[in-house]
Structures are given as structure tokens and as C-alpha cells.
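Both complexes shown next keep chain A, but they swap its partner, so chain B is in the first and chain C is in the second.
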Partner chain A sequence: MKINTSAVAGTLESSDVYVKVEPCETLEIEIESVVYNQFAEQIEATIKAVLAELGVESGKVSVNDKGAIDCVIQARVETAVKRAGGEK
Partner chain B sequence: MRRSMLFIPGNTPNLLMNGDVLGSDSIILDLEDAVSPAEKDAARILVRNALKHLHYKGCEIIVRINPIETDFWQKDLDEVIPLCPGMIMPTKVSCANDVKVVSDYIAEVEARHGIEKNTVKLIPLIETAMGVENAFNIASADERVAAIFLGGEDLTADLRCKRTKEGNEIFYARCRMVNAARAAGVDVYDTPFTDVDDIDGLYKDAQFAKSLGFTGKASISPRHVEGINEVFSPTQADIDYAHEVMETIRIAKEQGKGVVSLRGKMIDAPIVTRAMQVIEMEKAIFGGVEDDE
Partner chain C sequence: MSKLVNSIKEAVQKVGLKDGMTISFHHHMRNGDFVLNMVLEAIAELGYKDLTVNASSVFDVHEPIIGHVKNGVVTGIECNYMGGKVGKAICEGLMEKPVIFRTHGGRPSDMEKGTSHIDVAFIAAPTADDMGNCTGKYGKSACGSMGYAFADAMNADKVVVITDNLVPHPLVDFSISEIYVDYVVEVDQIGNPAGIVSGTTKITRDPVGLKMADYAAKVIEASGLLKDGFSFQTGAGGATLATAKYVQDIMLAKGIKGSYGMGGITKYMVEMLNNGCFQALLDVQCFDLDAVQSIRENPKHMEVTATHYAGVSGKSAAVDNLDVVLLGATQVDLDFGVNVHTDSNGYIMGGSGGHSDTAAGAKLTMIIAPLIRARLPLVVEKCLCTSTPGSTVDVVVTQRGIAVNTKYGKNQELKEALKKAKLPVVEIEDLKRMAEEIAGTPKPVQLTDKVVAHVMYRDGTLLDTIKAVK
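On to the complex of A and B.
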């Protein structure tokens, strides 16, 4: 799947994560999290796994995490990528 | 055993994560009214992931899907049926054909994913005047239907009357739903009591629903779950009496008696059936929740 346009998913509420994806030549991931010190690597790995599963090779993904568990991060990234790819 | 059913908005992670610790026998993961049209896609994916990764131990999962008049309901089923939730709640169900349409599509998805047919059951939400009139046909429309559920808010909008705490405006619908469900051999659930802060009102409303024959009641607030569970559980006196009935029957059989009485009252088949139902509920409540592992 290709990121054709900017799209967002999720919220800034507790246990959620706000995800923004934008077109980009390379693959860039930016993480802001209330549990950054403990979980930044795991969050990045989760995001990369979802992108790989969806066949996304390039794009900028910015997340603002409010303590979301893995399956929530996965859901929000998938939603944002599908919205950016024109799927609803 | 399903006394209480608690609605959880499908696009709210902190509630989805904690759905099984709120004391409800079932939770309804809501993809319909609790989710705005712009967020349907997000909720669908989030609920699918919750079903896939969260265990929800000792708690039945029901997914409320969007009405068949929308573009959403098939996508809802595509995402959640592969995860085999206990039940699907189709909404705005007004006739038997609405049930068949949903059931047939579930069968398609089940087949696509190698799931045995009729694994996922249905609890149609009846919330229109036409739906109430067709309650028996809906309840007996398909072998997936395990229960029917009355939605009082939309119904009163359709009836063009005000929804009140007393509930006189839905009295006919409640009676008709109970009769239809029992005639079809399925369970029947009452509409939520919507004043979250009025716990006395909740008890009264639940007790009245129980007196009409409802199996249980839905809730929009975790604060109502305990009251609903209490009202729809047998009392200790009910349990003691049920055991006395079964013991009396056992002794009568041993003695070869055809007709028996307890405390001066003849014990006939309906009393035995009721006693067995009470003992079954006692086991479900006090005998521990069966682990599905």
C-alpha cells in the first residue's frame, strides 16, 4: 500500500495513540510517548511490523502515544495508513 | 448465563481494554451508535484487534454492528467474524428477512475462514414499531438467533412518544417481546435504564423487567451492572426452595409416588422446570465461571 496523502487516526486520550502518516521519499518514524524511556523501541518495532504487513515502504509516521497497548497501536497505524491510501 | 450486557464504545481503547473487569456477564462492543460515521473504519479495526489480542476471561463478547441499510455492516462482519465473537447484534431489525440477510452473510464469512457454520449466534436488536410487531418472526427466523433485545430509545422515537423512567410507553413492547421470545424458545433482554446516577430507579426498572419475564438487562454504565446482576440472580430463598423441590421429587420417585406436594402445594412440571433453572443459575453464579482454555 502506498501513502498518497496525509491522514490521521486515534486520539490523545489515555490508553490511545494519535498517529499521523504523510507521503515521504524514505521511511521515517517519529515517536513521542508518555512511556518513551521504557517502550520506545517496542513501539517502533510494532509500527514497523504493521507497515511491513501493509506493504508500506516509504512515508513519514508520527505517533503521540498516551500509553496505548500494542494492539491499539497496531489498529491506529493500520487505520491511518489505509486512510492515506484511500481506503475507508 | 447472561444477566447483564454492558455497552462498550468500539472506538475507546481504555474501555475496551478493561471490558472484562466491570462485572458484566456480557459486553457489547459497539460499532453502531457509539461511533461517529467518520470513525467507523477506526472502530472496526480496533475492535478486531481487541478480539484478537485481549482475552476477556469469563465474559461473553457481543459485537453490535451497523444496520443493513448502511454501507458498514458487511465490513463490520468481515473484520469480526473471523475472530468468532460469541454473538453479533444486528441493529434496527424489523422483520425476519433482516435476520436472514445478516445470517447468510455471516455464513459466507464463516465459510471463507473455515469456521463451522452457525458458530456465531445472533441477538437481534428490535427498536422499531414494525420490529416489535414482528418479534416472534424475528426470534424464530434463523437457528443462529439465541436471544432478542429491546431498544427503548429508538423505539420511542419511532412511536413518537417521550421516553420516561416509568416506561409506560414501552410496556406493550416489553410484554410482546417477552411473549415472542418465550414462544420461540430464546432469551430476551430489556432496554438499558439511561439515568446513570439513579441507582434506585435502575433497581425498580430491572425488577419490573424481571417480573415480566426478561432474562436480563443491558446497561450503558458499569455503575448499573451490579444492580442488574443482583436483580436477575435467584435469591437465597429461591435457591433453597429449588433444592427442596428437587429433593422432594427424588424421595417421591424412590417411594413410587406419582403426585407429591411441598408445604401443602402440589409440585407439578412447571415448578420442577423452574427449580432446575434456578439450580442451573446457582451453579453458574456460585460454581465459578468456566474457563475456556
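On to the complex of A and C.
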């Protein structure tokens, strides 16, 4: 899937994550998290897995994480990517 | 005769403050307090250095103290609770000398035993006369109980009362007597009473919180302690207040007449008193303005000193007769030790307050907290800081299960009673495992070797240290 436009998903509530996806020539991931020290690597791995599954090869993904668990991160990233790819 | 002087500066000079001395403050104005900042500003302008501030609590409103530390005016801080703003600076290595944390009972008892000396106490008094008789019950800045300030008044070498409601001598219905007071200062405003109300003093509507509260109330009922003569303390967290509401419902439905409710008092405890659930409230500080009104108007709502509340220097303390106390936690470890001093990143954002005092005294000490907060499991291998020893904790209630502490050869009967009541009894290790299955296992936090705080237990012994964050 291609990132055609910028799109967002999620909220800044505790235990949620706010995901922003933008077109970019390379693949970039930016992580800000209240549990960065404890879970940064796991968050990055989760995001990468979702992107790989959706076939996203380029784009900028920025997440502002308020302590979301993996399934929430997966859902928010997938939604943001599909919105950016023009899916309704 | 009058003890009135014109300004804080004049009072500071008259009491003979010297570099290196210890000054004290109480925190009944909570996050609305102006007095600590006003006094430190006056002291800084007069050029004093190297002072130790012993405040019963340091709130975010006291952030200017960071500047006074940087300027060398303040070189020591001692308190029972510290809000996140100053706490963060401390954990980033602000001070040479470690902060000393005490408990609400340990602080006055250390003063009475002589192990904590106060040179000058500054008392924020919502109403006072010019001889120093004062109270928190009246005035535009009324805060209700002044429970923590008694020990300061009675043990400090010099005492300055600062008020924004000066009344003719003798003040009727005073709390602290003129016999302890050296000088009185009148100022425009000692604080903003709206700041007394802490952000958490409302019943939760979060379904997770309500589930925890439902379990907690059922644990209390199943424990066999909820009968005539019942004594009870809750904190001001959303889920603990919801538990109080459920406990009240049970007491009213069964016609149970309790003996006393205690603690920081909220309107929910006042409601229980007015509905006949308790014979009396013992109030060491008011958490909201409804409590302030009640302590002023209802003789059954009594002010108690911190020593009477939770001290170890008196011949007894009210915590010793507590049946049930409900307490919060940022972390609980596999030995049931509890952390309320630091957050999961190791930054100071709280303190014992009366946590370990009531845990030590109560027959049933209950920790109530969600299994996971923002991806962080409640139960950890070992707490970053032990605020309350596991041997004084009986039950941990979460929305997914209830762990009973049988590790110290007690509570076996309680565990059976909870199972019989069909409550979801699990082991503490199960709570850790369940949380990690959902959230993942957090990487341990990296701390330095620099000690930034000493956590003293209520008897004056060192319980733990807090290290600077990397």
C-alpha cells in the first residue's frame, strides 16, 4: 500500500496512541512514548510488523504513545495507513 | 501586649533566624498555599543561606523552591510528600544533600523525640488573633483541620503565625494556642482555598475503577470487620471514594453503626457521618471544602493532631484502632511492598503521607489499583522504592483479581473467607503474569548510584533510598 496523503488515527488519551502518517521518500518511524524507557523497542517492532503486512515501503510514521498495548498500536497504525492510502 | 509585627521580614529578623537553621511549614492549603513561597522569598531577599525546609508536604505550587536551592538559600528539604514538579528536579540531581522523606506520623514523632529539630515554624493560619491563637476553620482561606501544624507549633524554638484574617483577641474556638506563638504577621492572602481540592477527589466513573471498588467493598464485607464499631480510612483517589460509597450502601442497608472515619476527609466521609455510619470523624486535613464546612459546624467532626492520628511518640494513636484502610500504589512487588514515592520511571511524584502509618495500624490494609496503568503492570518483581513494607499489607485488589498476603504467616482465614464469598482470589505472582501477558514485560529502569532521597519509616529508621534517574 502507498501513502498518498497524510492521515491520523487514535487519541492522546491514557492507554491510547496517536498515529500520524505522511508521504515520504524513505521509511521513517518517530516514536514518542510515556513508556519509552520500558517499551520503545517493542513499539517500533510492532509498527514495523504492521507496515510490512500492509506492504508499506515508504512514508513517515510518527506516534505519540500514551501507554497503548500492542493490539491498540496495531489497530491505530493500520487505520492511519489505510486512511493515507485512500481507503475509506 | 500584642505579638503583631509588620511583615514576614520583620518576623524573620525578630526570631533570630541564622544561616544553617531549619524552618518548617504545614500543607493544609495544599496546592493553594502561598505561605511557603512568601517566606522563602523574604528570607532570600534578606540574604540568608544554607537553610533546611521541613514542610509536611511540597506541592507543585512550591516550584519556586527549586530556584532557592540553586541560589544556595535552601540546601535541605524534608517532607512527607513531594509533587512531581519538584520531585523531577530532585531526581535529576538538584541537591547535594538527599531529601528526607518521613510519614505523617513519623514527622511529628521525630520532632517530639528530638531527632528532628525545628528552629522556626511558620504557620499558615486562616484565622488568628494578635496573640497567636489560630484556627483553620474560619476565614476566607479556611482549610479546616490544621492537624499537621500542631507538632511544629509545640516543638519549634520559635513560631510565627501568618494569617489573612486577623480577629480581636481572644479567638473563639482556636486550634493552636498562643502559648506556643512568638509573632503574628498579617498578609493579604495566605493561599487560594480552591487549591485545597486535590484533582482526584471525585468518585470515578471509569468502569475499571468501579469494578475495583466493587471488589474492594466485597472484600471488606467478607472480612467480617464490617459490623457495629467499624473504623475506616480511605484516601482521595477515584476508586477508593467509589469503594467508600459502596461501603456506605452496605452499612445503611444492614443498619451498621461504625465508630470513626479518619484521614484526609472528603465530602463522601462527611456524608457517611451525616447518614449515621460513624459516631465521629477524626480529621487531620480536609481534602475539599465540604469537609471544611463540616469540621466548622459539626462537633462530631473533630480535628486531630498528626501525632494523635498516626504518631509513634504518643501512648497511642488513632491508626492503632483502624479496622480497614484503603490505599493506592504506583507499584506493588511480589513481597507486597508498596511504592507511592516514585513513578515507573523512577521520578519522585508522591510520598508516604499516612500510607505506611495506617498500613501498620489497620487490621485490614487494602491496596486498590488497576492491574495495568498506561501499559505498566502494577505488580513488579521489586518496587523502585519501598514506601510501605509488605509485612503491613494484607490485600491487593485489582479489576482482574485479588491477591491476599499470606507470606508472613497471616491472613489464611481471610483468604478462605474471600474464596467463600466467590471473589476472584489469585496469587500476587498471577497479577504480575496476567499484566505482562497483556502489556508485555517492561525493561528495567536505569538509575544512577547517586542517592537523592532517604525514605524514613515511621519509627525513624531508614526504610529505603531513592536514586537519581539516568
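Observations on the structure shown:
Operating definition for what follows: the second predicted complex is superposed on the first by the 88 of 88 C-alpha atoms of A that agree within 3 Å, B and C clash if a C-alpha of one lies under 4 Å from a C-alpha of the other, contacts with A are read in each partner's own complex, and residues count from 1 in each chain.
Operating definition for what follows: a residue touches a chain if its C-beta (ideal position, glycine included) is under 8 Å from a C-beta of that chain, and two chains touch if they have at least 3 such contacts.
Being a predicted model, the structure only gives us computed values, none of them experimental.
In the three-chain model built by superposing on chain A, chain B fits alongside chain C with no clash. When the two complexes are laid over each other on chain A, the CA centres of chain B and chain C sit 70 degrees apart as seen from the CA centre of chain A, to the nearest 10. By the touch criterion defined above, A:V35 reaches chain C but does not reach chain B.
Of the two partner chains, both chain B and chain C are touched by A:S14. When the two complexes are overlaid on their common chain A, residue A:Q74 makes contact with chain B while staying clear of chain C. When both complexes are overlaid on chain A, the residue A:R83 reaches chain B alone and has no touch with chain C. Put chain B and chain C next to each other and count what each touches on chain A; the higher total goes to B. Taking every C-alpha of chain B against every C-alpha of chain C after the fit on chain A, the minimum distance is 5 Å. On chain A, the patch touched by chain B and the patch touched by chain C overlap at residues 14-15, 68-70. Residues 344-345, 372-376, 438-440, 442-443, 445-446 of chain C are the ones touching chain A in the complex.
Across the interface of their complex, chain B is touched by residues 9-10, 13-16, 68-72, 74-76, 78-79, 82-83, 87-88 of chain A. Of all the residues in chain A, the ones that touch chain C in their complex are 14-15, 34-35, 37-39, 41-42, 66-70.
Residues of chain B that touch chain A in their complex: 12-14, 17, 41-42, 45-46, 48-50, 52-54.
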